[in-house]
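For clarity, chains are labelled A, B, C, D and E in written order, and residue numbers in each chain start from 1.
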Amino acid sequence: MNWWLAAALALVTGGLGPCLWGAARGSAGRRVVAQNMATLLLCLVFLLLAQGYARPSYVDLALVVAVLGPAGTLVFTRLLGDEIGENPPGLRLLTPAVLVGAPATVVPLCIATGPGRAMGKLVLIGLLLIAGGIVTSAAVRRA
Amino acid sequence: MTRRLRLWVLTAGLLATAALYVAACTDLPAFGGSWHPYGDRAVRAALQQHTANAVSSVNFDQRAFDTLGEETVLFSSVLGTVVLLRRTRGEKRVAPGPAEVPAALRRYGLLVLPVTLLIGLYVIAHGQLSPGGGFQGGVVVATSLHLLYIAVDYKALERIRPLGLFELADGTGEAAYILLGAAGLIAGSAYLANTLPLGTFNTLSSGGTVPLLNAAVGVEVTSAVVVLLAHFLGQALEIESEDGAKDGGREA
Amino acid sequence: MDRLLPLIVVVPLLGAAVLVAAGRHVPRPVAEAVAGLAAAASAALAAAALAGPPEVSWVGAWRPQDGHSVGIVLVGDRIGLGLAALTSLLVVAVLAYSWRYFDEPPHGHGGAFPALVLLFQGGMCGFALTGDLFDAFVFFELMGVVGYALTGYRVEEARPVQGALVFGFVNSLGGYATLLGIGLLYARTGELGMAQVGRELDQAADAAGHGADALVVAAFVLVLTGLLVKAAAVPFHFWLPDAHAVAPTPVCMLLSGVMVEMGGYGAARVWTTVFGGPGGVPAAGARRTLLVLGVGSALVGALMCWQQRHVKRLLAFSTVAHTGLFLTGIALLTPHGVAGTALYVLGHAGAKAALFACTGILLDRHGSVDECELHGKGRGIPFTGLLFAAGGLALAGLPPFGTSLGKALVEERSPWLPALFVLVSAVTGGAVLRVAARVFLGAGQAGREDDEGPETTGGEEEPETGRRVRRPPVPMVTVAALLLAGALAVGTVPALTGAVSAAAEAFTDHAGYAAAVLDGRPAGRPEGPYDWWTWTGAGLGLLSAALAVALAARSVGLESRAVPWSAPLRRLHSGHVGDYVAWTVAGIGLVSLLALW
Amino acid sequence: MSLLPYLIAGWVFLVGVHGIATSRNLIHAVGCLAVTQSSTYVLLLAVGYRKGATAPVFSDLPVDAPVVDPVVQALALTDVVVGATVTALLLALVVQTAKRHGTVDPDELSELKG
Amino acid sequence: MHDALIVVVLLLVAAAATGAVLQRDPARQAVVLSALGLTLAVLFTVLQAPDVGLAQLAVGSAVTPLMILLTVRKVRRKGRRE
């Protein structure tokens, strides 16, 4: 029983599914929040898949998502600014989800991979994710 | 044609296509089967050419002519957009006002831009080793430049993005790919032949012409996406019809 | 020589890259000269390859080991090279025609239009030469993307952008259907080259003992969809009149002259090499599909062509009609059918491009392409009128034009074909002659009749040369004259007919193609006796030409051109993207019914 | 399970085409065309999949490990590029249509008829 | 476990595609298209195609939504003034 893939499956069904539902329905603000949450979850899923399939080279995907995900959300906030409204539903969930989710995934992965260049990459991804999450949720709140 | 008739025609077409497609699916080999003759040959050829990433070997060595066509599609689409989104006679360019951006976002943008740039260059350089390649890395680099617009404002982006230079890079990237192909001819073998020394497996310089073609595609894709977005940004933010009220085109 | 085959495709692309790279610093005449040079170089390479024996070129030196290869093959067979040479010649003619043509190119991009035309040439030469299904899809998309940009070139006007958008949506959808078909074929055979897929299908059929199953027929229908969209066969043809009516004249010359013919060539090539063997679609199914679509296109095209006021739309519908005749010729699936169609395509390219050239002169002189508005205004330019009338007669099939010889070769193959060919040629030729008579001779009443029903008139168009020209510019008239001379040469040079007949033998040989590509055994074609002009052929040509003149003479005086019972058909051509996409999907259903029946 | 990926590809293609044909906004139609195209990615990669195999990238893999078909991945990669460029060009045309026609609703575009 | 992942992600892709088509407003459709791009990237990774996943991510996460939204902004600004 590959626990990493099981975790990935849980994250996909439990997280990505509702994010899709949120992105497809409701006000523009709620959709942007759902999209932001989806990019965060995606990065974690890629990390888990990389470990589950025992393919360290898949981590590059997570690295690119950690950088492009927030950029995509900032695009939406910049260009959909006036439609987002003051306090879109689900915004409060964003920052805690990032602060809890990222370490909860990166730390066990670091333990599993052991010290070395790979661990450095994981830590970098974790930091990028946290920084991106905080900044984008602030940007959405102030849109 | 009335909406109702169109729906009837559409439904009939969709049902017929669905029936045809499902009938075809029943004869397809089962999903996940192990019979992939072309794939096995391609992997053997990739390893023989000392290219670790078999997909890049197929893209830039075995079926390099496809990639030449694909890059030319990107090149001509950018040229088409330059022509279609040009500023016509009755329009003027108005510089947009600076956008007010929270300080945290501005710092994040300026911090993450170099990181994204490095990641993009890393993805291009390791194209023939790990997942990635000229196209993926090129788009990441181009997006990193546009972080300036997203996180700071349009004027900052325009300062670091001289359009003439990027159009030159676009044409040069395409010409470089074609001339690298001609190098095969000059070396006596066929067009787009991999005649350079193959280097040792799994190192940055392995794979003969694959890394060079990767770099050419990276240059071209980066400049293509920058020019593409420049014209879309130009249309959306800058170009106004001459007298604000009446639009340059047909009066509605 | 086989190592130089890819250069035919690559030289125009390099020319375009150089033009864009040096975009800002190169004055306009230099850019257009460089473009002409690149196009001419590619034409010379194609002619040189045509002179030598047929060759096969594996790109990247990935030759097959025991019958299987990983690379892409370019096949230098006579018909493919002939189309590449025709494309290059037409591009040289178009670049000469549009010398300093447009008023002001986009600032900073003197070479944008010539670069796009070169990319168009590269895409078409690549599609004509490739022997790989996915490579054909990539060049199909390249032709498409450049075609949308060129069609919508005059963005200051409302019509070009709508025409280009419709062109873009329908052709992209056709391309994606083709890609689904290629995916199915790859799943079944594990190959992408046309010869390889054909051989795998045949071997599978020998092993299994039965011919095509649902997957092979579905793949045939899906791959054919994209090619039929490009060939503008009914019901996929709706985009063609909209795109032609609005594209700049030089682009119309290329679209009607050779790009639409690429669709028919692709359909014939894919059927012969992939599905022509025992493992493919039975010949009866393919013949029925191509025949029904060909006859349908011919009739719809002719009927709509007769009723148009907008001269470019009239010529576009005549292209739909003649493409129908090409598909009918190909549907015979015999060397004679292909040889006749090939000559017909060569003749039609010259005549149709010349007609568009003359229309461009009218547009630039009077700012209109509307038959009623231009009534009598063409008297000042008699030579252009003469060329226009000669083009009309060529379309009508007057011997010794190439179109007439091509039709003659195809007509002898079955009893009822001559009736269809004569009728459609007469109607389309008659429509063009009617326009010639009203515009250049001022025959019949002036444009009194008001607008019958919602219809695109050709009035108040912007001349493409910025300001109206008094005398037709020399390059435009000479190009039109040379193109008509080419159409005449096709019908009068016996050696050309001999070469085309031998080429058609090789083209329709399923096993020979696979042997030439995979086993390197080019089948030696004996220069067998070929038939040329016959009395019946020439007679039928004269009959259709006479009919055309009679139709034109009678209708010049008539009050209106509309054919009342065809009003519903005219409403179908609504210019609405949703309609055309619905018809495309319905077309997939129709083709699958015809193929499966 | 053995037919699901192919059927999903077919469903995405048909939904996309339905979206284009019934669209009342050209930008929405361009989005539906992109959806239609994503069906070709799903079909190509489903055809190339091999159970229990991994990606054909040997930088972190023994050379004799079972791998998935790299050729379909190269085809899908080319397709992603073509899709992005066609979307960009059609969006450019939609911008100009909005300028010249004042609308992006296909029903109100009445220039080319008959 | 591999098959379960593939089935779930395939169903998500179908749902996202249907959602993208049913959402008639282009600005909101851009968000759903971005989500579809992300789901496709997961599908490609689950089908062991990281290169294609990376390409889909690069194009679908920032470039395509930016182009669609800039077009919407241009069309909407033009429409509002009419």
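In the analysis below, contacts are C-beta pairs under 8 Å (C-beta built on N, C-alpha and C of every residue); 3 or more make two chains touch, one makes a residue touch a chain.
Please read these numbers as outputs of a predicted model, since none were measured by experiment.
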Labels of chains that are neighbours to chain A and to chain E: B, D
Most extensive contact between chains (C-beta pair count): B-C
Greatest separation from chain B - chain, by CA centre: C
Maximum centroid distance from chain A, chain identifier (CA atoms): C
Centroid spacing, where centroids are CA-atom means, of chain B and chain E in whole angstrom: 17
Chain centre separation in whole Å, for chain D relative to chain A (CA means): 25
CA centroid of chain A to CA centroid of chain C, Å: 51
Multi-partner residues of chain E (each touching 2 or more other chains): 2, 20, 22-23, 30, 48-51, 53-55, 57-59, 62-63, 66-67, 70-74, 78, 82
Residue numbers of chain A (touch at least two other chains): 53, 55, 57-58, 60-61, 64, 68, 71, 75
Sites on chain B at which at least two other chains make contact: 6, 10, 14, 17, 21, 26, 28, 36, 38, 42, 53, 55, 58, 63, 66, 69-70, 73, 77, 80-81, 84, 123, 130-133, 135-136, 140, 143, 146, 228, 232, 235, 247-250, 252
Pairwise chain contacts, counting only pairs that touch as defined: A-B, A-D, A-E, B-C, B-D, B-E, C-D, D-E
Sites on chain D touched by chain B in the complex: 1-7, 10, 13-14, 17-18, 21-22, 46-51, 55-60, 63, 66-75, 77-78, 81-82, 84-86, 88-89, 91-93, 95-96, 99-103
Chain E residues within the chain A interface of the complex: 1-2, 4-5, 8-9, 12, 15-16, 19-20, 22-23, 27-28, 30-32, 34-35, 38-39, 41-42, 45-46, 48, 50, 53-54, 57-58, 61-62, 65-66, 69-70, 72-73
For the chain A and chain D complex, residues of the former touching the latter: 53, 55-58
Complex contact set, residues of chain B against chain C: 1, 6, 9-10, 12-17, 19-21, 23-24, 26-29, 35-38, 41-42, 45, 58, 61-66, 68-70, 72-73, 75-77, 79-84, 86-90, 164, 167-168, 170-172, 174-175, 178-179, 181-182, 184-185, 189-194, 248-250
Complex contacts: residues of chain B adjacent to chain E: 53, 55-56, 123, 131-133, 135-136, 139-140, 142-143, 146, 225, 228-229, 232-233, 235-237, 244-245, 247, 252
